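Note that subunit A is present in both complexes that follow, paired respectively with subunit B and with subunit C.
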Partner chain A sequence: MKKHTLLILALAVVLVMPVLMHSGSLASEVLIFGLAAMGCNLLLGFTGLLSFGQGIFFGLGSYTVALTLTRWPLPMPLALALAMVTGGLGAALVGWIAIRQKGTYFVMLTLAFAQMFYFIAYTATGLTGGDNGLLDIPRPSITAFGQTLWPLTSPWQFYGFVALIFLVAFWLLLRVSRSTFGRTLLAVRDNEERAGAIGYNLKLLKLQAFVISGAVTGLAGALHAMMIGIAPLANAEYHTSEMILVMTVIGGTGNLFASVLGSAFYLLLADWLSALWPRWLLLLGMVLMAVSLWMQRGLWGLGEKLWHLRQGKHGQIRDQTTVQGNKT
Partner chain B sequence: MNIYLLQIINGVGIGMLYFLLAVGLSIVFGLLRFVNFAHGAFYLLGAYFCFQMTRWGLSFWLALLVVPLVVGALGWLTEKLMLRHVYATAHEFHILVTVGLALAVQELVILQWGPLGDSVAVPDILQGVVMWGSFVYPKYRLFVIAFTAVLAVLLWYLLEGTRLGSAVRAGSESTEMVSLLGINVFRIFSLVFALGAATAALAGVLAAPIRGAEPFMGVEALGVAFVVVVVGGMGSFSGALLGGLLIGVVQSVMSTLWPEGARLMIYIAMATVLLLRPHGLLGRKE
Partner chain C sequence: MSTPILLEAIGIEKYYGKFAALGGVDLKVRANTVHSVIGPNGAGKTTLFHMLTGTKSVSGGRIVFDGHDVTQEPDHRRVQRGIARSFQVTSLFLSLSVRENLRLAAQGTAPTKAMNCWHEPEGPRACADTVASVLAKLGLESFASTPAGNLSHGQQRRLEVGMALAARPKAIFLDEPTSGMGIDDLEDMKCFIKSLRDEHTVVLIEHNMNIVMDISDTVTVMQQGRVLAEGLPHDIRSDDRVRAAYLGNMITGGKA
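The block that comes next holds the complex of A and B.
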């Protein structure tokens, strides 16, 4: 794959959505959950860690931005940065404990932490507002030297802001995934024993992946809270973790752009179907089963397959994420 | 009577239900090596099938007999039609396919019975309380304790005293070895998965008169079952029993000491056990 293809695809999505979609909020949501799904993908698709704890970092981001913008009036970019820090710190803590275990135990630990975080958020009403969440989060304009550069009041203005952050984060994550570090993560995913035997510090690598994932997810949570104006308890629920995971899997693991596809698929389907049929999640459950059974590389894998068929190329489709030059 | 003693007895009642809920998850994990996220869905189906049967005017006792069989059959079909096809794939997909199933079942339940909960009446014979000096306890809860205790003994015999049980335990050690000995492992997989589904449904039926039936009880139960299994040790029968009782008592006692934090405490208990004994109280190290 050409070096810039994915980046161009991401840019295309950012530019096309305002043309095709009526709701700026929905478009922003696609990018925000795209960010969260990319964070999840970095763990699942690149490191082989199935985390049910992404809702923790998403919730941490939401609460952080809500607290900093309402109680301690910090400048908004600083609040977003702080949300990334708390997301990353939360991930460091969860990761530090969870990566002591492998396989199923690891999965269950992340889920246990997700539940624990939910009950902490529910109990600590002073900080989180408990069941009500934190309300009235402002969306301050971007200013410099007293001049308003970019107001964020309308949904499409906010979309522009989210799109900019999304593209930068996408580009950075792409660079991370293609760096030596990213390639080493793939080695951990493909054969953990071997990577360990070569001498890589597995725990450190996994922890680093966790921190990056947590920071990105925290950022997504913060943007989400700014978008809807509240930091609800729902952002810390198991349901959020599950949703992020489902988007990632349906889009396809091991490819960052696929996460954006997954997010778009989930949210557009939700938007379209929930009006027609409130029980649309039934369909989603079935899609998830179908993906697990028959198309394990998700929508992206399906698209690739179709593309190759059109091109008349038969036979094995190259897995884009396997370590290149790894001939044994 | 001492309030804490009452709460401990209460906790034993809850704990026995938790045991029943968790034991299937634990055995399935022991043999099939994956966490069944649809386990809560079978519990949910158990509660709603019980509700439906009592609404048709059938007796609770019939539900207690029929529902586990029906849900067990559904579990058997699930293993045969779906899970069997993902065994060869990466570990994540075993979990994800059951996550999808759990979501689908939950939505089907809402579709059929609506998003609000329904209550199930306690059978006539078990209404009221038992008085024993200053000891006062609901009859139904006593029945649940006694019934699950009998079931626990039966299950223990099934696993420890029968040919099927030894195949299951041997399969937990090494699936290849068992199939080399000429035992059809896939049949055992189906049976064990069906058994897991049936026990979950049974827990659902027993829980229905206590807490009613509502669509999100499956997710909640899944969380509790995880905690129990992790505390007791994955794949361990006695671990599920010990874990269930421990979590039940902790939750019950904490609900008098610190009601808002009762649920939080069971997750803290779990994290503590995991840090100190990563394989659970009675689990084997892999």
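The block that comes next holds the complex of A and C.
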């Protein structure tokens, strides 16, 4: 694959959605959960860590941006940066403890954290608003020297803002995934025992992957809270972790653009199916079964297969023409 | 033999519950020698390897490597001291290319570089010289871009040893490098291990007595978690206790 293919694909998604879609909010949501799924993919697809704790970092991002924008007079970009910091710190804590175990017990530890975080968020009403969540989160315009540069009032205006952040984050994560660090993560995913035996500190590598994942997910949570104007308890719920994981798996693990596909597929299907049938989650379950049984490399893997089939056909036709050419 | 002692293990013990897998093993390995550890199945050879390379921690005893007490250091720290190992059961990065396997192994001696999130492992970060020289030694140049999982068993065994070599270690620990190898590959592997002695110290677990007796400078015989005998290959072969332990039938290989 050429070096910039994935970046061009991401740019194409960002540009095509406003043309094809009616709802700017839905389009923003696709990119926001694409970010969260990419964070999850860094752990699952690149490091081999199945984390049920992604909802924690998403929730932390939501609450941080809500608190910062409603209670403390911090500029909005700083609030987003702060959400990344809290997401990263939360991930450092969860990771620091969970990576002491492997396999099932690792998964159980992340699950335990997810449950605990939900109940803490539910109980600490002073900070989180409990069941009601934090309401009336403003969406301040981007200003410089008293001039409004970019108002975020309409859904499509906000989409533009999200798209810009998404593209920068996508580029940065792509860089991380291809860096020496990203390549070493693949070794950890393939064979932990050997990675340790040839000199790598597995805990440090996993912890760094967790922190990066948490920061991206925190950013996604913050953008989501700004989009819907509230930081609901649902963002801290276990269901959010599950949804992010499902998107990652459906899209395909080990490829960052696949996570955007997963997010788009999940949200668009949900949007379409929920209008048709209130029990649409049942159908989503079937999609997940199909992916798990027959296409473990997800939508991306399916796309790649189709692409190669097409290339193969072209190749064959070319071969035939040369053979015929030789005969004549 | 007069080369200095590179590795010294003193009274190594390993307990699993009450079971003593190792009941106080002493071992001295001299630099630039081939030191073989033999013994019947269950004698504790691989457990001793795990202790010496840090794959698992000791229950008692001390390990001194190159003048440093490494007893409490985990495996990845001991790699920085110059210890590298191969595994009895092939343990590779199967989805990654042969070249990438070796690059990762070479990079392992400077693991802080692995935390670099910004730069791709290219140019001076690619360890290209080390990788190329190991590829050549293994005779796997034409398979450099093949995923390790697609190699034949014999090739995988060679890469397994190459993973240890790529770290350019002082001491290289080989745990049954010939296991499951075809008869044609055995002689190659024997010459290969022998050639390692020029640049490395080799500690070898091997069941093939032909190889052990031909290339070892020192042989340590283990039985039930203890050292039964130690000496030059021909002394070991004629040792009555060793003959009794092996019932005389396993130790007949090699040149007389």
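Just so it is clear, the second predicted complex is superposed on the first by the 312 of 328 C-alpha atoms of A that agree within 3 Å, B and C clash if a C-alpha of one lies under 4 Å from a C-alpha of the other, contacts with A are read in each partner's own complex, and residues count from 1 in each chain.
What we mean here is this: a contact is a pair of C-beta atoms (placed from the backbone, for glycine too) under 8 Å apart; a residue touches a chain by one contact, two chains touch by 3 or more.
Owing to the predicted nature of the structure, the values given are computational and were not obtained by experimental measurement.
J.: Could you look at A:181 and tell me whether it touches subunit B, subunit C, both or neither (first, second, both, neither)?
T.: The answer is second: A:181 touches subunit C but not subunit B.
J.: Does subunit B (first) or subunit C (second) touch A:135, or do both, or does neither?
T.: It touches nothing on subunit B or subunit C.
J.: Where does A:104 make contact in the superposed view: on subunit B (first), on subunit C (second), on both, or on neither?
T.: first
J.: Based on the superposed arrangement, let me know which partner A:287 touches: subunit B (first), subunit C (second), both, or neither?
T.: In the superposition, A:287 touches subunit B alone.
J.: Have a look and say if subunit B or subunit C is in touch with more residues of subunit A.
T.: Comparing touch counts on subunit A for subunit B and subunit C gives B.
J.: Which of the two partners, first being subunit B and second being subunit C, lies in contact with A:196: first, second, both, or neither?
T.: second
J.: Please indicate which partner A:204 is in contact with in the superposed arrangement: first for subunit B, second for subunit C, both, or neither.
T.: After superposing on A, A:204 lies in contact with subunit C but is clear of subunit B.
J.: Can you check the complex and tell me which residues of subunit A touch subunit B?
T.: 44, 50, 97, 100-101, 103-105, 107-109, 111-113, 115-116, 119-120, 122-123, 238, 242, 245-246, 249, 253, 279, 281-282, 284-293, 296
J.: If we count contacts the way the header does, which residues on subunit A are in touch with subunit C in the complex?
T.: Result: residues 175-176, 178-184, 186-187, 190-191, 193-202, 204-205, 208, 212 of subunit A touch subunit C.
J.: Once bound in the complex, which stretches of subunit B touch subunit A?
T.: It comes out as residues 29, 33-35, 82, 85-86, 89-93, 95-97, 99-108, 110-111, 219, 223, 226-227, 230, 234, 260-261, 263-264, 267-268, 270-271, 274-275, 278.
J.: Any idea which subunit C residues touch subunit A in the complex?
T.: Interface residues on the subunit C side: 53, 55, 74-76, 79-80, 84-85, 87, 91-96, 100, 104-105, 107-109, 111, 113-121, 125, 163, 166-167.
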